[in-house]
Amino acid sequence: KNRGRLLINCADQPGIVAAVSDFLYKQGANILESSQYSTDPKEGTFFMRIEFECEGLKEKKSNVEENFKEIASTFGMEWSFTFSEELKRTAIFVSKELHCLRELLWEWQSGDLITDLALVISNHEECREIVESLGIPFYYIPANKENRPQVEKQQLELLEKYEIDLIILARYMQILTPTFVAQHPNQIINIHHSFLPAFVGARPYERAYQRGVKLIGATSHYVTNDLDEGPIIEQDIMRVDHRADVDSLKKIGRSIERSVLARAVKWHLEDRIIVHQNKTIVF
Amino acid sequence: KNRGRLLINCADQPGIVAAVSDFLYKQGANILESSQYSTDPKEGTFFMRIEFECEGLKEKKSNVEENFKEIASTFGMEWSFTFSEELKRTAIFVSKELHCLRELLWEWQSGDLITDLALVISNHEECREIVESLGIPFYYIPANKENRPQVEKQQLELLEKYEIDLIILARYMQILTPTFVAQHPNQIINIHHSFLPAFVGARPYERAYQRGVKLIGATSHYVTNDLDEGPIIEQDIMRVDHRADVDSLKKIGRSIERSVLARAVKWHLEDRIIVHQNKTIVF
Amino acid sequence: KNRGRLLINCADQPGIVAAVSDFLYKQGANILESSQYSTDPKEGTFFMRIEFECEGLKEKKSNVEENFKEIASTFGMEWSFTFSEELKRTAIFVSKELHCLRELLWEWQSGDLITDLALVISNHEECREIVESLGIPFYYIPANKENRPQVEKQQLELLEKYEIDLIILARYMQILTPTFVAQHPNQIINIHHSFLPAFVGARPYERAYQRGVKLIGATSHYVTNDLDEGPIIEQDIMRVDHRADVDSLKKIGRSIERSVLARAVKWHLEDRIIVHQNKTIVF
Amino acid sequence: KNRGRLLINCADQPGIVAAVSDFLYKQGANILESSQYSTDPKEGTFFMRIEFECEGLKEKKSNVEENFKEIASTFGMEWSFTFSEELKRTAIFVSKELHCLRELLWEWQSGDLITDLALVISNHEECREIVESLGIPFYYIPANKENRPQVEKQQLELLEKYEIDLIILARYMQILTPTFVAQHPNQIINIHHSFLPAFVGARPYERAYQRGVKLIGATSHYVTNDLDEGPIIEQDIMRVDHRADVDSLKKIGRSIERSVLARAVKWHLEDRIIVHQNKTIVF
C-alpha cells in the first residue's frame, strides 16, 4: 500500500504545520490523519504525527526522505518516516503464563496486529506447541537470576539475527539488564499487572489484596532501567470487591492485562507513540 | 485573549491542510490544536478544526476573515471563524427536575462552561430562586400541549431579544415545534434519559425497568424535528442490576444525565462539534 | 467436592430464610454464600440462592432433596438443588465468526468455565480443526432458511444424545424455530451484538454506524420466541467516535461480545441466574 | 419507619444464619435484604448484614436487642442493631475546595443521603453562605500546623456537643492527630484525590502528571493514624491523556472525588460497611 507516516518533534514555533503540509502536498501526498501536540506554545516542544497516502510511494520514498532534510534542519526537528509496506519485526518474550501471548497471537492472526512476528523466546516450554503450530520460530532459553548474562547474550544474538524492531514482554517475569535495555531504547514494551505507580515490583495482586483496593489494573509501558518506572503507554482497571481472593484478582487481572498490552502494541506498530522525557504522547 | 478557532468542511482533496496552515502562518497565528477527519480520502468530505493564537487578534479579525475567502472559494469550503473574546450567549430551558440545571450552573460558576448565560426559561417556578440568586434573568412561561404556539412565540421573542446562540434543554420535557427548531438549527442541545436509540420517547426509565436492562444511560443530542433522532453528541451509561426499581434507575440516571449534558455543552461552546448529515464529529 | 446449591422462589412471607437455613443446618451443611431478593416484601415474589458445603454430600443428596419437600410445600416454593459434582453438559453453536467460540474454549481450558463441553455444532467448517484438536466432537450441519426443519431435527437429536443442559449460541446467526426453543426453556444463551433494546435484529453495527452512536455494546440473553427480546443476562459497552467505520465497530464489538457472553455463561453454570417474567435476577 | 439493621461478625461455624433468621422471625421481623461473607468457611471470620422490617419496631427495639444477647453470646458475636428512625448525626469538615461539600449538600437535599446534617466546620469562610442558607450551623476554625491542638480541642467539643456519629472530611486538607482519630474509630471518612495506594500524601495530581499516568482516580477511606493507609471504602477512575495538564487533571478529578465520596458516605449511613483488619466489606 502507498501509506507513510511522518513523526516529528522540535521546539514549538510558528510555521511548522504550514511547512510540513506544504512539503507533503508537493510530494503528491494526501494527508489522511494528522495529530499534533505542544507542551507549551511558548518555548514548548512540538510533536506531530501525519499519516499520508502517496501514489508510487515505494519508488519515491528515499527521495521524500532526502527532500525533507531541508525543512527538518530549518526547524531543528527530530523526525522519522515509516512506510506501511515495511512491516516492523517483532519478538515476543514469555514465561509460563500464556494469556497475553495468546491474545497477541490471536489479534495477529485476525489481522489486527500488523507486524512480522519473527520469533517467540521463552524460559519455559509451555507455549512451544501453540507458537510452532502457527509457523513462528520458538526458542527455549532457560533463564534465572544466575545465568542472566549468558541468556541475554543468546537473546540479543537472536534479536539481531532476526532484525527485531520491537520486543514485547508478554508476562516474561525476568528482569532485563541495563545492557539489554540500552540496545533497544523505547523498543521494549512490558505489561505490568497493576495500575502503576501502585504496586511497583513483585506480586502486585497479593499486595492489592492485602491493601483492600476496590479496583485492580494493568499498565503497559516502555522498559527502562528503573523497574516499572518507564513511560506509561496504556492502563486500564476493573472493579473488585471484598469477595475476591488473590486467585480471583489474578483471573480478573488477566483479562485486563490482555487488552491493555494488545492496545499498546497496536499503537506502537502504528507509530502512534512518541516518548518525551518519561511520558508518552499517544496520537 | 487572542484565541481564535477555524472550522472547515469541504470535499477532500490534496493541499487543504497546506493552504490553511500557510494562511494562518502568514496572518501571524500560531496553531495550538488542530484536528481533522475525512470520511474518505477519495471523494469524501474533509473536516478540520484549528485553534490558534494571534497577537492583536481583536483588531485583525475582520481582516483575517476577509482574507480567508480566497482559500475558501478555491476549495469550496464551508467555514467559520470564532473568537474567544466573543462569548456565545446561552439560554437554558428547564422544567421541574433541576439536577441538569444545577450541574450547568455549577460548572458555569466554577469557570468550566465559558459562556454568557443570558437567561433561564421554565414552565415551573421551582428554579426561580436559585437562578435569580446568581443574577440570571428567569422567565416563567407555563407550557402544555394546548398553548404551544403562544408559548413558543414568547420564547422566540426572548431568544431574539437576548441574542441567544445556544439553547440547552436541561430536562425541559416539552416537545418543540418544527417552527421553533427551524430557527435554531444545530443550536439546541437536549439531554435524553436513555442510551439512544433505545427507549426513544417518553418514560425511558420505566421502559428500561420493564425490559430488564443491565445498563442505563443518557444521550445528549442536537434537536431536530424527529423526536430523539437528532445527531448524537455524547452518551454514557452506568451498570444496574435486578435490585434497582424505577426510582433507583432515575436516581442513578440523574448523575449520568448531568455529566453527559455538561460535556456536550462544553464541546459545543468550544466549537468542537461539526454536524455532518445526522452525525457529529467531535474534535 | 461436597458443594451444593439451592435455588428457590415463592411468594414472599416471613420465616422463609429461617426455615431454609435451619433445614440446611440440620442436614449438616455449612452455608458459603447466600443471596436473596424480593420484588416487594408485601405480596411480592421472593428469590433465594444458597451455596453450601456438606460432608458426604454425594451419599446424602437424594435424601436432602426428599427432606426438603416438606418446607417447599409449606411455602409453595419452586426450587431446585444442584450439586457441583454433576457438571452441566454444554453444546456450542457457531457460524463463521469464531471469536466467541475461541473465548469460551480458552476459558474452559483454563478452568474458568466448569462444564462438560460435549459438542460443537456449526453450519460452516471453519472451526472444525480448533474444536477437534481439543478432543471435542464437532458436527457440521449446513443450515439456511430453507432447510431449517431438517437441520433442527438433526440438532435436537444430537442434543438429546449428548444429554445437553445448556446451548450457547456463540454468534450462530441462524434463527431458531419455536419448536426448538420450546424444548430448551431458559437453556439457550445468545450473544447479540448491540446493547439491547437498541438495534434489535440484523446488522446492528451497520445501524449503529448510521445512527452515529458514541457507544457500542453487546448483550447476552436467554433465547425466547421473540427475536432479541428474551431475558437479558449481561450487557457491556465501549466508547467509539466518529473515526470508527463499520469495520472498526465490528472489531471493537468483538471484544465486548467475547467477555459479555463468557460472563453470562459462567453465571449460568454457577446457577446464579433466575428468570422471572422476562427479566433475570443474577445473584 | 419500622426498619432495622443487624450487623454481625464472629468466627465462622455452622448454624449462624439459621439461628439469626429464626430469631428475627420470632420477633415478627420480615427480612428485606441479607448479605453475608466468610473469609474462609473453615476457621474464618463470618460477617452478616440483615435489613428487616418489623411492625411496631420503635416500641420493641430495646426488647429485641436484649433478647439477641443470648444468640450473640452462644456464637461469640460482635453485633449491633441500628434503627432507621434514629438518624446518624454527621459533621462535614471542609477547606477551600467546595465541590465535595456541594455534592453532599445536594444529595442530602434531594433525600439521597439520609442523615441529620448537624454542622459544617471549616478553616476558611468560603462556604459559610451556602451552608447557613440551608439552616446548617457553620463554624469557622482557622487551622494550620501550629495551632493543631487548640483547633482539635474546639472541634472535639463541637462534635461532642452535637453528638456526632460520622465525620466527613470533604477535602479538609489538614492532618488529624492520633488523639482526634482515636476518639472516632471508623467514623471519619476521607476523600483522597488519587487511586490509592498510588500517590499517597500531598499533591497527587501534580505527581500523576509527572508520572504520565493514563488514568486518574479518587479513593474514599476511613481515617487511621497512617496517612492515606486506612481501610478503602470506594475508588473510581477516569481516563486522561497527554493533553491534560495539572489543572485539567484537577478538574476531571473533582467529578470523581464528588461521586466516590458521596457513595462511601451513603454506604456508611446505610450501615453497609464492616471494617475488618485494614479492609472493608461493603454489603
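By letter and in written order, the chains are A, B, C and D; residue numbering begins at 1 in each of them.
By definition in this document, a contact is a pair of C-beta atoms (placed from the backbone, for glycine too) under 8 Å apart; a residue touches a chain by one contact, two chains touch by 3 or more.
None of these values were measured; they are calculated from a predicted model.
A.B. asks: Treat touching chains as neighbours: how many steps, at the fewest, connect subunit B to subunit C?
C.D. replies: The fewest touching-chain steps linking subunit B to subunit C number 1.
A.B. asks: A-C versus A-D: which has more C-beta pairs touching?
C.D. replies: Contact tally favours A-D.
A.B. asks: Subunit A to subunit C: how many Å between their CA centres?
C.D. replies: Measuring from centre to centre gives 38 Å for this pair.
A.B. asks: Using CA atom averages as chain centres, what separation in Å is found between subunit A and subunit D?
C.D. replies: So the centroids are 42 Å from each other.
A.B. asks: Taking each residue of subunit C in turn, which ones touch at least two of the other chains?
C.D. replies: None at all.
A.B. asks: Taking the complex as given, what residues does subunit B use to touch subunit C?
C.D. replies: Within the complex, subunit B touches subunit C at residues 37, 195-199, 211-215, 217, 231-237, 241-243, 278-282.
A.B. asks: For the complex, which residues does subunit A have touching subunit C?
C.D. replies: 99, 102, 106, 110, 112, 251, 255, 259
A.B. asks: Note which residues of subunit A are touching subunit B in the complex, please.
C.D. replies: Counting only subunit A, the residues touching subunit B are 12-15, 17-18, 21-22, 24-25, 28-36, 38, 41, 53.
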